[in-house]
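Naming follows writing order (A, B, C and D), and every chain is counted from residue 1.
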Amino acid sequence: MPAQDDLKPVMTTEDVNALLASAYPQLNRDYRFYEAVEVFPGGCTVRLNADERHLRPGNTVSGPSLFTLADIGGYVCVLSHAGPDALSVTTSLNINFMRKAPAGPVDGHCRILKLGKSLMVFDIDIVAGGQTVAHATGTYSIPPKR
Amino acid sequence: MPAQDDLKPVMTTEDVNALLASAYPQLNRDYRFYEAVEVFPGGCTVRLNADERHLRPGNTVSGPSLFTLADIGGYVCVLSHAGPDALSVTTSLNINFMRKAPAGPVDGHCRILKLGKSLMVFDIDIVAGGQTVAHATGTYSIPPKR
Amino acid sequence: MPAQDDLKPVMTTEDVNALLASAYPQLNRDYRFYEAVEVFPGGCTVRLNADERHLRPGNTVSGPSLFTLADIGGYVCVLSHAGPDALSVTTSLNINFMRKAPAGPVDGHCRILKLGKSLMVFDIDIVAGGQTVAHATGTYSIPPKR
Amino acid sequence: MPAQDDLKPVMTTEDVNALLASAYPQLNRDYRFYEAVEVFPGGCTVRLNADERHLRPGNTVSGPSLFTLADIGGYVCVLSHAGPDALSVTTSLNINFMRKAPAGPVDGHCRILKLGKSLMVFDIDIVAGGQTVAHATGTYSIPPKR
């Protein structure tokens, strides 16, 4: 992908995790153990520390858990690059599941494909056990500045 | 959609709920309160009884909760129409979020678009508070008969 | 889907076809034979009269031809319900191909899932030879009123 | 994405272009000027030489033209890596349109995300005028070996 020199984070990784904890407490109570690992210009890395509660029949990390990681990846992209407005919402998300993901760390490598005034498009490679286990593309709406 | 006269459920709604409970206990522990409401030829209705734990910033039912309902809708379609093999897995799912969904019952109306030998395609209208709040399309792989 | 009483066409089927011909002449030159068949509150029906030029290996109507029909279906929805601004553009489209479509009429039955100020979401059942051959969901952006 | 050392092309770029021309003559008659530019382990680059016939209202390369490029990108991936069986078919494709693409060369950079026995998943960055103009993810079915 060509470089997008206009993309610069406006929040640190720590700030994003603190915001996730305060604005979205349900995330790490019911869908536990999601976190931002790194924020960088044009993207971020997020992680799910998957344990038994994230598994589905077949002993693989469940689709909803990987979807949540993808959704969080987009949320961290939009928070970190468009500013800490917790009311950005997902408008669409498309996910392909490719391989079984075992329990353990599941990393999501996110790229911002477009950061517009009212929409952000991103994709995410989801990697576990050294393999790409899922890939998603999604869109977040960005609320107008108040 | 033209009628698909070849589609007939092979499990009742009760059987499906019992199978969900035994094969996928995580579903109603961590992502609580999902159930099959009706199984009929060519589709099914599933429900999320959304409470505070399913909400995200903005007091709307979270994207992962609606994704889970869509995924469960497809799972109930494949279990009920292709037989109770718990190892069917989602291969892709695309979801659009259209309106905020308040806490309370969220119903998913599913249609089987194609039931093939190795893949099932379905869609789901997700309705809450009298409005369509989300729509998803997905694909389940069907394991070969043993 | 619950009724959306607020959705009313502002253009007739004839007006839409005339607008397609003048604003988008490439449509029926290189991707020939697409038309609006009916516009009704909350949706529309579009048709591809598929001949040999729309086929791909295997003698089935090609994916790009069915994608074009889906895209035109959304375009007719947005033109007819949001007004004749030819500059609305597709922001995303997801399509599943289910069965082979033979040459001949291919009908697209479109529903508007949401008509907002800046985005319209729709889906389309694509039917040929008495069967659903494809299904798509898409989003159009609506330019601000000048 | 982690390296996938098992992925190796079984056809050259020239072979793929010759196969496209013989198996799919409609491609470069009605949707003109699509070609494979490079085949490499785990992916390929394809190109649309867009001229006036590929434009839509607003003077941007049309959605169907970019969809066709994405679809051809997947087709070249599956032909080159799974073998020259022209009967592989697209089962799903999701595309996001991010920026206007001017007439001229439009390049599609494709990655194979998974090459299984019966399905291949790929994605494609579509670049024109130095910017990513669209991104797509898709699935091809691979017919059983005869």
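What we mean here is this: a contact is a pair of C-beta atoms (placed from the backbone, for glycine too) under 8 Å apart; a residue touches a chain by one contact, two chains touch by 3 or more.
Computed from a prediction, not measured in an experiment: that's the story for all the values here.
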A-D versus B-D: which interface comes out with more C-beta contact pairs?
A-D
Between chain A and chain D, what is the gap in Å from one C-alpha centre to the other?
27
How far is the middle of chain B from the middle of chain D, if each middle is the mean of its Cα atoms, in Å?
32
Contacts with 2+ other chains: residues of chain B:
91-92, 94, 96, 139
Treating touching as the only link between chains, describe the layout with one word: line, ring, star, complete or other.
complete
Per the touch rule above, chain B residues touching chain C in the complex are 1-2, 94, 96, 98-99, 113-114, 121, 123, 125, 127, 130-132, 135, 137, 139
In the complex with chain B, residue positions of chain D that touch it
91-92, 94, 118-119, 139
Partner chain C, residues of chain D touching it in the complex:
23-24, 26-27, 29-32, 52-58, 60, 62-64, 67-68, 71, 86-87, 89-97
